[in-house]
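Across the two complexes that follow, chain A remains constant while its partner is chain B and subsequently chain C.
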Partner chain A sequence: MPSLAELTQLIVFALLATGVVVGSLGVVLLPNVVYAAFLLGGVFLSVAGLYLMLNASFIAAAQVLVYVGAVNVLILFSIMLVNKKEAMAASPGVGLRRLLSSGVCAGLLWLLLRVAYTTPWATPGPEPRGDDAVIRLGEHFFSDYLLPFELASVLLLMAMIGAIVLARRDVFNTDVGTGEAVDQALIEKERTPLLLEKTRP
Partner chain B sequence: MTSISVPLEAYLSVAALLFCIGIWGLINSRNAVRVLMSIELMLNAVNINLMAFSSYLDGQEIRGQVYAIFVITVAAAEAAVGLAILLSLYRNRDTVDMERFNLLRW
Partner chain C sequence: MAPALNLDLESGFTSLLEAAGLSSGVSHLLWLPLPMLLVLVAAVVGVLVTVWLERKISAAAQQRIGPEYAGALGILQPMADGLKLLFKEDIIPARADGLLFSLGPVLVVVPVILSWLIVPFGQHLLISNVGVGIFLWIALSSIQPIGLLMSGYSSNNKYSLLGGLRAAAQSISYEIPLALAVLAVVMMSNSLSTVDIVDQQSAAGILSWNIWRQPVGFLIFWICALAECERLPFDLPEAEEELVAGYQTEYSGMKFALFYLGSYINLVLSALLVTVLYLGGWGFPIPVETLAGWFGLSVDAPVLQVFTGALGIVMTVLKAYLLVFIAILLRWTVPRVRIDQLLDFGWKFLLPLALVNLLATAALKLLFPAFFGG
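So, the complex of A and B:
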């Protein structure tokens, strides 16, 4: 008979794992992409709960802040920006592709599960740190992982500039009516969509 | 206390399942936004693995958590740039259908 703490852990793990798997299936399978985006937030929250069970309170907080707070909101905004109801034309060989990819994914799942269950893991390892894990984490970041930590900041700066450059619209620098300089021009240039169809003889 | 009652393999199984669902969605999605969501699912699966190993096998030097932080950073950058590319594509092609982004196809 497991103790109350172990039983609670098992139940919480089962709930979180069910949330992760069912939510991700919904993300992939639901026809409405807005529902899929909200379910993705649920998956991220469940994963944060799994992190809490794995003695990683700081990463759980970072997961909620970065994934649920930033990435999911970004995805929702981009859905609103590109949400055009379009009937996607049927492409040939979809059924065959689904069958093949399902087979490949099932095979990969079988491989991963086999590796997970046949490898003799060296458990139990050292006693995990509890709440002072974040202290060790900070020591890592400012001693032996200092270079990747600084490179991550450069990477984030590059991603920020790159995203701005890629998503920027072409605008007039001057007002077409009066000829005055426009500060951050809200008048959008009339733009003919390029490459609407593949030009092929 | 450490989570003794839940074995390490349980976390690995959840992560494997999440990763395979992500791959399936990546291959089979027509909507470009859903492709990006599938990539996020796969990155989360990898993070679950890292955290499980960090907690079960490397409890004192929590290097898995350090790697998970870096993965989260790169995933955030990837999401921002990916969605910017998606907006640019939508402006140029007027669609988010992956089947019609075929300019570089033979």
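So, the complex of A and C:
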């Protein structure tokens, strides 16, 4: 009979693994985009739990902070901001498209399974660092991984500036689509008047 | 406190059970839920006290008397509130999304209660001295907006949805300066662990508390903590005059009680964390070692150890409730900000300020390693 700690680990692993697999299937297959987004949060949380089981508590906390707290909240936020109930017209050849995409997915799964079974994994893996991991991560970031670390920050800066340029359309004088001159103050002014003007008799 | 501490409750409890004829595994299993239960009870009692304080102080601020018939000075009023919510009918609106509607409040409360894991009331008086410590709280508190968005969306009500969106926007914006303020403290104490952060402030009593070394960080943290708790002046997600009650509009009974409980647990937790990070945690204004020296006692004496443990709990709770008092006073003195002012303040003022604070702390740490942690 396995010891109490081993049994707990086994049960927790089974729960987390089921959460990851079922959750990600739900993210892909559910037609309701809001459910998919919430399930994505659940998948991220389960992955954080798996990190925690590997004794990598810092990575687990960072996973929760970045993926659940920032990425998933932003996804939900944008879904809810554009929450228009539009009846989508069924695109032509849905059956064929679904067949093709599931074929591609099955191929990818087969490839990954093959990699997983043919790679000679070193078991048991390296000794977990535990709480020491934060210090080691910092050392690596500022020595041998300095260039990728800094490049990632430049990439994020570029993405941020790009997003601001795209969002602040009022910096352009002309409409990108029509080429007409655009009011600097409020781009939507002419098309949607906020208050109807009173017409005096 | 010395490492040779005799107040090891766990070994005392398990040896007691083993003497009664149980195996060590079973007695360990029986021990495991006890600290969690204790903290849950402590959190709920803390909320009851805070609700009573809120009612009484609000009344005093408005020259009223406040609750006075339920128990002496109305101290049983929060219990009456809780009972009322317990017996109320639990309504799920007809067009609402039942599953998400029920899951939302749970997702709001659970991370807040989990964060109590890292609050220390003494050198060994915390559930778990995890290495990631304060970072765990920052990570857990970022789950909360998902629950708020969930309940706002599933209520199928425009006020709820707006409240949920506001809560998420507010929480994302104020998380960043909050984390940067914490990072400055972590930089000074070279550790994320809450116990190490308090230990680093215990050298010279009140003079070595972080509030003197991190005054700007303290203010940033306090403002952001109020914003994360959605207290006035930052209670936009549930602003009564604009949004009925924000994401809570459709909730009643126990589900509403969960939101209520969550927000007050969060307030007490934030006050406790300000205490830990900036006000010396369980430390007395005069170090206990100095006090013991005056009375000619050894620090390792059992009597003194019990006294120090008790003093630690009293000091932590006292400081935390002082901050809760300030938060309640702020509620009745400061008007609510507008949503654009709130976001501008977070992104254009607090974030640069927190970055400058971090940079200044790093520079001071290099210049005066003796004062700012070597």
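By definition in this document, the second predicted complex is superposed on the first by the 167 of 201 C-alpha atoms of A that agree within 3 Å, B and C clash if a C-alpha of one lies under 4 Å from a C-alpha of the other, contacts with A are read in each partner's own complex, and residues count from 1 in each chain.
We adopt the following convention: contacts are C-beta pairs under 8 Å (C-beta built on N, C-alpha and C of every residue); 3 or more make two chains touch, one makes a residue touch a chain.
From a predicted model like this one, the values you see are computed outputs, not experimental measurements.
Superposition note: with chain A as the common reference, chain B and chain C can be accommodated side by side. Contacts of A:117 after superposition on the shared chain: chain B is touched, whereas chain C is not. Shared-chain residue A:91: touches chain B; no touch with chain C. In the superposed pair of complexes, A:4 makes contact with chain C only, with no contact to chain B. By the touch criterion defined above, A:81 lies against chain B and chain C together after alignment on the C-alpha atoms of chain A. When the two complexes are overlaid on their common chain A, residue A:51 makes contact with chain B while staying clear of chain C. Chain A is touched at more residues by one of its partners, and among chain B and chain C that partner is B.
In the overlay built on the shared chain, the residue A:70 is in contact with chain B and with chain C. When the two complexes are overlaid on their common chain A, residue A:27 makes contact with chain B while staying clear of chain C.
Contacts of A:128 after superposition on the shared chain: chain B is touched, whereas chain C is not.
In the superposition on chain A, A:62 contacts both chain B and chain C.
Between chain B and chain C, the minimal CA-CA distance in the chain A superposition rounds to 13 Å. Put simply, chain A uses residues 58, 62, 70, 74, 81, 130, 133 to touch chain B in one complex and chain C in the other.
Residues 1-14, 16-25, 27-34, 36-38, 40-41, 44, 47-48, 51-52, 54-63, 65-66, 68-70, 72-81, 83-88, 90-97, 99, 102-103 of chain B are the ones that touch chain A when the two sit in their complex.
Note for the complex: chain A touches chain C at residues 3-4, 34, 38, 41, 45, 57-58, 61-62, 64-65, 68-70, 72-74, 76-77, 80-81, 83, 130-134. Those residues of chain C lying in contact with chain A across their complex are 25, 28-29, 100, 130-132, 135-136, 138-140, 142-143, 145-146, 149-150, 152-153, 161, 164-165, 168-169, 171-172, 175, 192-193. Of all residues in chain A, those touching chain B in their complex are 2, 5-7, 9-10, 13, 17, 20-21, 24-25, 27-28, 33, 36-37, 40, 43-44, 47, 50-51, 53-56, 58-59, 62-63, 66-67, 70-71, 74-75, 78-79, 81-82, 84, 86, 88-89, 91, 97-98, 101-102, 104-106, 108-109, 112-113, 116-117, 121-130, 133, 136-137, 140-141, 145, 148, 152, 155-156, 158-160, 162-164, 166-167, 169, 191, 193-196, 198.
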